[in-house]
Amino acid sequence: ETEITWWHAMGGDLGETVNEIAAGFNASQDEYKITPVFKGSYEETLTSGIAAFRAGEQPNILQVFDAGSATVIGAKGATVPVQDLLSENGVDFNIEDYISGVRYFYADNAGKMIGMPFNSSSPIMYFNEQALEAAGVEAPVTYEEFETVTAPALKAAGYVPLVQSHLPWEFAENFFSRHNLPFATNDNGYDGSEGTKILVNTDEFKMHWTHVKQWLDDGYFGFYGTGWNDNQAQFEQGKVGLWIGSSGSFGGLMKKDLPFDFSATNLPFWSSITEEGYQTFIGGASLFAMSGKSAEENKATAEFFRYLTSPEVQYMWHRETGYVPITTAAYEMAKADGHYDRFPAAETGIKQLMLTSGENTKGYRMGFYVQIRDVENREFSRILSGETTVDDAMATIEKEGNELLARFAKTQG
Amino acid sequence: MKRAGFSTKWLPILLLLPQLLIIAIFFYWPALHAVTSSFYLQDPFGFGQTFVGLENYTHLTSSVEYLKVAKFTVLFTVLVTFFSLALALLFAVKADKVLRGAKTYRTLLMWVYAVAPPVAGFIGLLMFNQTWGPLSDLFKFFGWDFTLGVNYFDTAFAMIVVSVWKQVPVNFIFFLSGLQSIPRSVREAALLDNRSGTRRFWDITFPLLAPTGFFLLITNITYSLFDTFGVIDTLNKGEPGNNPMTLVYKVFVDGFRGNDLGGSSAQSVILMILVLALTVFQFRLIERRIHYT
Amino acid sequence: MAQVSLDSVRKIYPNGAEAVTPSSFHIEDGEFVVLVGPSGCGKSTLLRMIAGLEDITEGTLSIGERIVNDVDPADRDIAMVFQNYALYPHMSVRKNIAYGLKNRKTPKDVIDAKVAEAAAMLNLNDYLDRKPSQLSGGQRQRVAMGRAIVRDPALFLFDEPLSNLDAKLRNQMRIEIKALQRRLGVTSIYVTHDQVEAMTMADRIIVLNGGRIEQIGTPSEIYHNPASTFVASFMGAPPMNLVAGELSEGILSFAGLDVPMTVDHRGPVTLGLRPEDLFIDAKGPIAMEVDLVEELGAHRLLHGRVEGQQLTVHLAKEIAAKTGPLRLSCDPSHLCLFHPDTGKRMDVRHKATPQARSNTTVESKA
Amino acid sequence: MTDISAHAHAIAQTRKRTWFKLETVFDHAILILGSLLMLLPLLIMLQTVTTPDLETMKLGPTFTIGTELDDNFRKAMFEASGFSGQNTGMNMLKNSMILGLGFALGKIVIGMMAAYAIVYFRLRFATLAFWLIFTTLLLPLEVRILPSYEIVQQLGMMNTYQGLIIPLIASATATFFFRQFFRSVPEELIEAARIDGAGPIKFFIDILVPLSQTMIAAMFIIMFVYGWNQYLWPTMITTDENMYTLVRGIKQIVQTLEGNNIPEFGRANMLALIAILPPVLVVIFFQSWFVKGLTESDK
Amino acid sequence: MAQVSLDSVRKIYPNGAEAVTPSSFHIEDGEFVVLVGPSGCGKSTLLRMIAGLEDITEGTLSIGERIVNDVDPADRDIAMVFQNYALYPHMSVRKNIAYGLKNRKTPKDVIDAKVAEAAAMLNLNDYLDRKPSQLSGGQRQRVAMGRAIVRDPALFLFDEPLSNLDAKLRNQMRIEIKALQRRLGVTSIYVTHDQVEAMTMADRIIVLNGGRIEQIGTPSEIYHNPASTFVASFMGAPPMNLVAGELSEGILSFAGLDVPMTVDHRGPVTLGLRPEDLFIDAKGPIAMEVDLVEELGAHRLLHGRVEGQQLTVHLAKEIAAKTGPLRLSCDPSHLCLFHPDTGKRMDVRHKATPQARSNTTVESKA
């Protein structure tokens, strides 16, 4: 029996579902045994993985989130590209099996898949049905609609019209993808870290943030902190009309027995920038096969990936958590099972990922992006608290972001 | 060294060996390592690196954000130190005075010493919870819309309160025993010399507590700089955003979240120098006879 | 300057210990009274009650004409010198001395003058700007004195002020303090357990034992007419010899000694004999076996046994001595008799040379 | 340190014997306020521990005592949240215990040995050793944590008790305390012992160790609390769930509050209480030793 | 039992301080030698070198026939009693006493017998199972003695063994220790700065000053014929009066006193006069103004001035005294003369009554 380990960042209910998958794999055969280990947040998991790698103690599988992908993919030799791993170990691989929004985020610039998308999410807009009803409005499709129709009505009905969970992910990264705007030079960074510049200091983006700040001042938008749960908690308490959160939160939310009905729809976009919204980046994280492992263990990893990507497992994962199924087959299975008839909102994420794609929607690849996110988080918060202006904030993010990118480029030398 | 110490050669070496070995491996080596890596920019996985000289340092000194964190750290340190010392002194003076229940008060005022900083932070999260924290509610009652995690000032306030709460007991213990080590006859002499209790406190008791106070000052500075890590991490919920943080926390954030090994190491080195300076300062002041005997 | 009166003053500590049984005595204006007694006998407690540092459980205390039971220590117009000097370690000598005055809102120039005067009197001029830690024991002692005298108090209190000094300095300071008190004429109460200090400094001595006053009297009364075996063995180094004798038919007998005397007592009795009242007399009635001769320069001490009982003899330096058998005599008029059970002195009329005894007024009401 | 009550007592004796004094009332008022300040959070935690999570989530702490205490206790102590089923409160308690005890014992043994060598031997490089050891007091683990972590990794000590404990021992606090203490041991004792024919080992075992009993006890308490309360280091060094300590588990607690399910306030607070309890009890029950250790050894 | 010889033994501490200048002396088997001197004069250093607790910088030390410079303390066959007793606080009295024997692998029954014997000798039987903290000062002192004597050492070393006791106990223990040493006959070296102890206990006294031997001699030699003003003022309480006199033409003059004597010196001279060698003589040549009379029971001390110089007179108790003018006389044969600059005693032949002086052998080679 070959034993492999899998370090992940799935806490709470998500972690329990991960455990179920692992148990399922272990039960499905008796040659391999996988042990999942919860390592804390995405950041902590990446860091432990890195440190462990340096000491030669790396797990077979490491879950790395979107923001850390440049780090892990940049370190050539740290991982075995899944595509190679699978083919070498006789597991069929065809990138076309994966749904379009998922395919290239964790791929290299040649389109080779390096990390196996696992918990793919998308920022979607949840809404409190009672609230919308009380306000007499529908969930908005565009931010313009939100600003002029939905928000005033919700506010009048005594609700906080809108909150979100993660400013950089929802109001930056996916802003660029939803509007098919470039997020960074060098093809969003895919062409290499050398000389990559972040493109936040743009009119469109500043426009968005000018509005967000205005909404806050007008009482259309609430902000309760950078913690993952800070804003969601407000929604859960029924005080909020609209909440932009992760599709991966859906499963958990269902279990919470909230005192109101909720559903979800696509992330809004600005019709002043684009006629129709493009697909979003996948969020969440993917699984990397760490290098330096024996052939048997790699084989086990490949087998696990085979199991993980099977439609049954993907559907189960999708159903339990709300993360999107990564393959078309799994999606079809969910449809066939009538999952979306029962929970129409569950389909929102995947549908959003399959919207029209553009040259800027396959993903971004920026080094030290975790720190850049911290900078964004900080500056966005400061815009909201009135400590800085949108112009200054963007200039700061651009400056500090580019510095970090340049520093990262040097780490590669 | 004792006058009549043993002159055996091998035994002391053997006795020192474990300690020296441990500190060599787990102290000196890492410290040295931190210094060297502060001159590099390194791929976290260790596949590439560039020697950048002092760039990691110049990067910090030119960083507005780093300076802001440094400023906050100073302010935080000053406030935490001041309030922990002042409150502890107040309690110690009172506990030293009362006849009844002195022991009970001592127990009640010192148990918090044993609470781990992150647990203290966790307690802070409860007390300052945005929706129903009893303290937030209290503040709201007085018209202060307290929002932990959103408002920089409010978060800083909570950090300071929790850190002070956690530190008062140690100071209390020291002040109390400092008070009690003031010779009884000196207090009595003062009693004959001066009718006013307040004046006696400022003329006699307070100066005599100065050695304890000075020792505590250094301890509290160190505490505020380093040991509040758990409090700050917990109150920041791992996502600092625009919330305040201290220098040590930034070492952690950049190194452990951001995987910027060179930058984080440079910050460590700066902290090492800071602590070193603090220690030199401490020895200097001790030499200047804050101790009376 | 003031008189001090204690009327049935008693101290019971909160833990129930009766440290001072109801005691009364009166101290005249300008008098130097020494409280002596073994450790724990209540000397400090008594002194501290007078200072106001300790509550008085029962009885009244007056200083001058005023009952001060409830007066704050700072308002009793007293000054106190402590065993360990209790100097303020963070203040210079000057500030230490001035502190009590400063708090009394004395004008600055008056303070300066008084400090200068005290410093001159105590030879502290060169040390006024030093901290106490930079002074020797004797100098610290003087600062403590200085702190007391600048205040011109009505009453000086001393709690074993010399016991932290070495023998030589103690001798010297003893004389200095006494001389100073003479000069200033301030009523003083001085606690010590050193009987030499008590003997040499006191106008009157109060001997305490277990919280009770054993005897009050002048040094000479206390020394020569101790009220009890306790006082007898406490005062004098070496102390009075206490041996068992027998009284029958008006005759006191001890060893070969037979002294006719009138006492209201029959049977066994404790006999007190000062070592210096014994002298070598080849035909003397007492046969002593000398075990040890201590050569003290100015005199000698012979330690030995008489009929199995320990006896010490004090010899002037001129008189040679060696171990071995020796015959002694003594002046019967210097004999003291004590009750064998209670240890109290018994009044004696010597048949040969009747003596008038001084009155020892023991007012402790146990 | 002398016993507080006796001492306070002695000083307070100097006050007038009046039953009701405004000043005394004021003193007590301040002390009671201070005590409450210290206690209040604990009471609030106790309340939430007895209350259903949903209620806490919505209302926050209230004044009612609920019925969930035993259920929360069961969950906190015996229910695991991880895959291995091993990070139960029980198991974390065990690990905290091992960390606390191991750290305290290790530190005391190593510290005593080194302090003994420095104080009682004529060593040519004693000063050097002293400085080598005592500069470690200057730099807290936090500022060299990254490289320390790597070393532990390279030595393959991740997820081991040794890896958890030994690097924490690499600061000389205990050595310093023991050095101070040994220096205060009367010179004559070693002289008497040497004349009595005791060699260095005999002296150490027969005389010095028994003499240091109270100091050892005090050190033990301080070090136990310190070890038990470690947070950052265990967070980094333990990646196996069955190695988690309670305080490290607090991280988990906070994350369950952040996660997608109903935040388990009851369980989380219970765990926090359990994490607080042993060191608090140790400090309360052995407070005189603890205070002695703290105040006498320092400075 | 053993002799002890020091040959030019010198001690320089690592910090460069010369605590003991090269010193030589010889101690006979069974002799009781007391080292006295003021604080810091090197007494302990000397003793500790003999014990082997301190390295000897130069010179040789022999105990018995053996040079022991490099012998371990445990192997020098010595026992030592320390000022603070240095009892092992965690061991019972029995264990404290037995520890040295146990380390020497003495059979258990032998240890028990010796401990029992020592305990009986020192009256410690009832306390054998107590911890030192449960004993009084005197009892602790006895335990320290017990620990020393069970070992049957060749040499006893004492470093101020009584200075932590109160006066009374000190007097008593002094006698006990001396008696014990007599009984056991063990060579002993005893350090003290109390001159009474030195006088009463020593067979010979070694007076140290600033690391140098000032005088070696019997107590009587040291007391009556001090080798220097230092020794004169160190021994005796009150010490010898030292006053300035004048020598001219074979006549020593001081105040009204004129004594013919033969000395190799002219001009100013320091005159030494023991207080007890002065006596009241209405027609005496010395006119004294008495400032203070100290009543000590067995005797009196008069403190006063003669031509502006301080003088103290010792009076036997029989002689009454009061402050004011007084005339004194003295026995010229008891006069000592010291060089006014060096302070060394000058050899004197009294014209009237020539005296044979004992030889004081000062072997310190400064």
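Each chain gets a letter, A, B, C, D and E, in the order it is written, and its residues are counted from 1.
By definition in this document, a residue touches a chain if its C-beta (ideal position, glycine included) is under 8 Å from a C-beta of that chain, and two chains touch if they have at least 3 such contacts.
The model shown is predicted, which means the values in this text are computed figures rather than measured ones.
Graph distance from subunit A to subunit E, where chains that touch are one step apart, equals 2.
The set of chains in contact with subunit C as well as subunit D comprises B, E. The copies subunit C and subunit E differ by a rotation of 180 degrees on their C-alpha atoms, rounded to the nearest 5. Inter-chain contacts peak for the pair B-D, counting C-beta pairs in contact.
Averaging Cα atoms per chain gives one point for each, and the point farthest from that of subunit C is the centre of A.
Placing every chain at the mean of its C-alpha atoms, the farthest one from subunit E is found to be A. Taking each chain's centre as the mean of its C-alpha atoms, subunit A lies 92 Å from subunit C. Each chain gets a centre from the mean of its Cα atoms; for subunit B and subunit E, those two points are 57 Å apart.
Distance between chain centres (mean CA atoms), subunit C to subunit E: 28 Å. Annotation: 16 Å between the Cα-based centres of subunit B and subunit D.
Shared contact sites, meaning residues of subunit C that touch two or more other chains, fall at 53, 73.
Residue positions 41, 54, 227-229, 237 of subunit A are each in touch with at least two other chains.
The multi-chain contact residues of subunit D, meaning those touching 2 or more other chains, are 9, 14, 58, 150, 191, 194, 236, 251, 257-258.
If you check the complex, the residues on subunit D that touch subunit A are 58, 81-84, 149-150, 153-154, 156, 158, 235-236, 239-241, 251-252, 255-263.
Contact residues of subunit B toward subunit E in the complex are 3-4.
Residues of subunit B that touch subunit C in their complex: 183, 185-186, 188-196, 199, 203-204, 207-208, 210, 292-293.
Residues 39, 166-168, 171, 175, 178-179, 193-194, 196, 199-200, 219-220, 223-224, 235-238, 274-276, 291-292, 294-299, 301, 303, 314, 316-317 of subunit C touch subunit E in their complex. Listing the residues of subunit B that touch subunit D in their complex gives 1-8, 11-13, 15-16, 18-20, 22-23, 25-27, 29-31, 33-34, 37, 87, 90-91, 94-103, 105-119, 122-123, 125-127, 129, 131-134, 137, 165, 168-170, 173-174, 176-178, 180-181, 184, 187-188, 191, 197, 211-212, 215, 222, 226-227, 229-230, 233-234, 237-238, 248, 251-252, 255-256, 261, 264-265, 268, 271-272, 275-276, 279.
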